[in-house]
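Letters are used for the chains, namely A, B, C and D, taken in the order the chains are written, and counting of residues starts over at 1 for each.
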Amino acid sequence: MDVFFNLTLNGLATGMLIFLLAAGLTLIFGLMDVLNFAHGGLFAWGAYSGTWLYATTGSFIIGILGAVVTGLILGLITERVIIKPVYGNHVQQILITLGLMLVLSELLKVVWGPNQLSATAPDFLKGSFEVGGVIIIKYRLFIIAVGLLVFFAVQYVLKNTKIGLVVRAGVMNKEMVQALGINIKKVFMLVFMVGSGMAALSGVLLGPYSGVIHAEMGMEFAILAFIVVVIGGMGSFPGSILAAILVGLSGSFMAYYVPDLALAANMLLMAIVLIFRPQGLFGWKG
Amino acid sequence: MGGRGEKKVKSIFVQRKNIVYTIIAILLILFPFMNDSRSMMILFTQVFIFAIFAMSYDLLLGFTGIVSFGHAMFFGIGAYAVGIFMKQFEPTLPYFLLAVVITILITAIVSYVVGLLTLRLKSHFYAMLTLAFASLFLVLAEKWRTLTHGNDGFTFRTPEIFRDRLDFYLICLVSMIVVFLLLNRFTNSPLGKVLQAIRENEQRTESLGYSVIQYKIIASVVSGVLAGFAGILYSVSLRFVNTSVFTMDITLDALLMTIIGGVGTLIGAIIGAGLIEFAHHWLTELAKVHWIFERWIIFFGIIYILVVMFFPRGIVGTVRNIKLKSKKRVTDKSEQQKAAG
Amino acid sequence: METLFETKDLTIAFGGHIAVDHVNISVPANQFKSIIGPNGAGKTTFFNLLSGQLSPTEGEIFFRGENITKLSSTERTRKGIGRSFQITNVFPNLTVLENVRLAVQSQAGIRYQMLSHFKKYQDLEAKALEWLEMVMLEDKQETLAINLAHGEKRKLEIAMLLALNTEVLLLDEPTAGMSLEEVPAILDVIRRIKEKGDRTILLIEHKMDMILDLSDSIMVLFNGRLLADGTPKEIMLNETVQSAYLGGIHS
Amino acid sequence: MTIQLKLNEVETYIGQFHILQGISLEVRKGEVTVLLGRNGAGKTTTLRTIMGLNPSTKGTITFNNEEIQSLPTYSVAQKGIGYVPEDQGIFSELTVEENLKVAMKNESDSTKERLNYILNLFPDLKKFWKKPGGLLSGGQKQMLSIARAYVNDNELLLIDEPSKGLAPIVVEKVMESIIEMKDTTTIVLVEQNFMMASTIGDHFYIIDDGQTVQNGPMEVLKEDDEMRRKYLGIA
């Protein structure tokens, strides 16, 4: 029972981190029809800038804020410089964002050196507590809370605010949104920035969770996020949280019981989805 | 009238091109006999191997319009197959050939399955799935220690005929030429033309009565098998294999070489391979001068982004365009003169 | 006359909207039939159903007595139903000759030859050239399709369709978007095909003079329904057609 | 009367299609100007060009004495031009309420007033207030689309074939609404249904092969059988 509970909690925490990454990917894809292969790079930049700020200032909150700001700024630059010229051309988008991924992860090594950075949870999130004989690690709970918070916040914005309405309308009919007097390009930019900010947040939260961060993990996590996006249905926001939790849980349980097959399990899941529902569990795009 | 004339000009052009290629091939064959720099010879051997790899990638990206981010897995399968056979059994030619057969089988099956799963969907899916599959193979190579020795990899001995550097140089050169001729034939065959049609306009190809998915799968299988072959040569050249053959860097090499050289041209892939390998070599040397050159990928990355943005047809494609335009200008001018006269 | 093509209660609905509504037509071999109707009447959708780009929610399509409703567009092309597209739809970075040759190749059933050089297929090329001559594009054979003028692209499109050598030709607004000077050339091409007398042609057009000139029969679609079907003369005198298509919805 | 919208020798390409080959027209404030012509003549493209959705390559478009031909679509809309496209452009997964909310520039009293006014005109919309727009019938979608263009204080509405695919009874309803709006708003209408066009139109333009070929007060066209037959094929 104890093991089961812990694995679940662990899986949920990982799932939330993946969700934060995949959600940005899926928002960008849904609205702009752009699959950003540099998303993992933004994640890694969030991780490094946040962890570094955290280490220098001693404040985890500043670290998180710094990471998000880094994500927003990089997102802005990426959208303006890299994505804008290749809207509508899938092959070029795929190629160019991968190139950016390359540059981002190498630049990371230039700025912070090739070695990994370590991070620990801040005091108020250190340690664990016990509920009914089950030990709960505080930091994991924290990640789950943040993930849920972001999910509901984004969901709220999408459902209940004007800008959210515009975003949803834009997914359905860009032309009409413009004909109603809304500058969709600005909305695009904003969505891209928010998506990048979420990726960066995911990155900085990962630090204390796994203890160390390194430059390659951008790609590792991006692959998980891609799997999630395919399973959840490209462009579906609720789909991405469900699929992320699924991938997180399967990862955590497989790692415990059949460690060698952990990644294979996700691939299998994705293959099955692709065979039977190529549009993904919640997908509405072909 | 004009059409026939143009055609004649074109066939002369083709002939001249063939002569140039032949001269370059002869020079490359003679090179090791004139130059005794061992490191140069090794570098050229690498170029040939990666040229094969890049050409196999070009078949996908340049001729069929498919983006793969997992090309390293085919390369790695070949590299490991030959390593494992040479290590576990004996470094003899029959076992080597067996490794080649196994490589062909595995790469064909994997590319077939991945293709079947995603090639009927948008281009994103194939890119993502190949990326994911490649990382799966990387993990497999790390975890299956009894066979692969994990991250550290292992050394092995090779059959007699591969041991001499000069012989191996020639084998790789000939292999590259053969693959080039083969792919040239393949892309100019009726089937190859259909692949290019798919790249240009998938829906239209379908409505002409071709079943697009089958063609895409054929392209991905041929490409996968050739990439596996390049992997075989690569690990034989090093007499060593480790998990690096499955990493993204290998795929990126193919991508950079094809794009910078010029997609859809084959010869561009060879030029790209030469360029990248040499640049790689020199920049690593430069790392002694300044540490920033250790991060040479940054420069490559930036150049690559600029090429995708401004010269999507690469070196060969851009040169051809310029040539085409200047030729057109000449004919325009002569026509004007004719009209004036 | 032998019936070549037939639809029975052909219907397709998108969501709640019925785009084509129980349409029954039968087309004899070698007839020239035009389809007219206001924007959104379902003409192109009807074509998409015939060529297999869409599958109907109800009804059947027969070709030479065989039910082809379930066949894919690829299979229908191979059976003998070819179509042109409203938007120009060629291979932009291949030459004009290569474009047509791909169609000839498909028609000849040469699909998976992968090692023989293309030049060996001299007869394919010769045939492709013939088709280019038919549409008066032989001068442009080495030009990349992307560099053609709009009207030339439409001609190329028709050449590719002809090269498939299908018994049925579905032509979707072949003169759309052309400047006025370009139109006669296309008309000429279509008239030549008609005069050869061995094809069954369905044409969507809005240029009435052209339709009246070429058609053996005309069908009128309105709100997805078949409003009338008859000779050009009958259609011109039909009052329902007058008020629905050419005039008001109701009077 | 003041000229509110003026097109001068406008030409537009879509891809390689030379769709508009010289459109010149003047729309007077407070009138309903109807664009007529055969299928494919370029009527829809004319509206789309005014909106900047298919930008023109030549010529000028003046709205309230200001050139707008090079403005992006959203700026054109912000100048006070509402657009009801041919396919209605309903956001199918948004509710009726949300469809209207996306359009509303503000929540001021005057906007609310306009909203109430239009909802009274189309009570069906109130009935389906919380239902996704995709579930509406063709006529209701048309009403929603018109309502969406109307809620803002637009000076000019471009309406593309509002009668298309609608049952006659619904057409009458839509017609009534346009007649009601006429008092406050200038309207450019594309319409194939001549009965409708002649009832609500003040002024007509005939477009043929991408060019404006005839224009005048609607009365003239009503009486000129020859012109109707020539360009519209109506006896």
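Basically, a residue touches a chain if its C-beta (ideal position, glycine included) is under 8 Å from a C-beta of that chain, and two chains touch if they have at least 3 such contacts.
Heads up on the chains, UniProt names are A = Branched-chain amino acid ABC transporter permease; C, D = ABC transporter ATP-binding protein.
Since this is a predicted model, take the numbers as computed values, not measurements.
Chemist: Common contacts of chain A and chain D?
Modeler: Touches both chain A and chain D: nothing.
Chemist: Starting from the defined contact criterion, work out which chains touch chain B and chain C both, please.
Modeler: Output, common partners of chain B and chain C: nil, no chain qualifies.
Chemist: Which chain lies the greatest distance away from chain C when centres are computed from Cα atoms alone?
Modeler: Of all the other chains, the one whose centre lies farthest from chain C is A.
Chemist: When the contacting C-beta pairs are counted for C-D and for A-B, which pair yields the higher total?
Modeler: When A-B is set beside C-D, the one with more contacts is A-B.
Chemist: Using the average of all C-alpha atoms in each chain as its centre, how far is it in Å between chain B and chain D?
Modeler: That gives a centre separation of 55 Å.
Chemist: Distance between chain A and chain B based on Cα centroids, please, to the nearest Å.
Modeler: Spacing between the chain centres: roughly 33 Å.
Chemist: Whole-Å distance, chain A centre to chain C centre, using C-alpha means?
Modeler: Between these chains, centre-to-centre, one finds 48 Å.
Chemist: If a residue has to touch 2 or more other chains to count, which residues of chain D qualify?
Modeler: none
Chemist: Building nodes from the protein chains and edges from chain pairs that touch, which of line, ring, star, complete or other describes the result?
Modeler: ring
Chemist: Quick one: which chain pairs are touching?
Modeler: Taking the chains two at a time, the touching pairs are A-B, A-D, B-C, C-D.
Chemist: Quick one: which bits of chain A touch chain D in the complex? Just the residue numbers, please.
Modeler: 162, 165-166, 168-169, 172-173, 175-184
Chemist: Within the complex, which stretch of chain C touches chain D?
Modeler: Touch list, chain C to chain D: 15-17, 38-40, 87-88, 149-150, 153, 173, 176-180, 206, 208, 223, 242, 246-251.
Chemist: Which residues of chain D touch chain C once you look at their complex with the stated criterion?
Modeler: Per the touch definition, chain D meets chain C at residues 14-19, 21, 38-40, 44, 86, 134-135, 137-138, 161, 163-165, 168, 171, 192-196, 209, 232-235.
Chemist: In their complex, what parts of chain D are in touch with chain A?
Modeler: 51, 53, 72-74, 77-78, 83, 85, 89, 91-94, 98-99, 101-103, 105, 148, 152
Chemist: Under the stated contact criterion, what part of chain B meets chain C in this complex?
Modeler: Touch residues, chain B against chain C: 1-3, 6-7, 10, 182, 185-186, 188-194, 196-197, 200-201, 203-211, 218.
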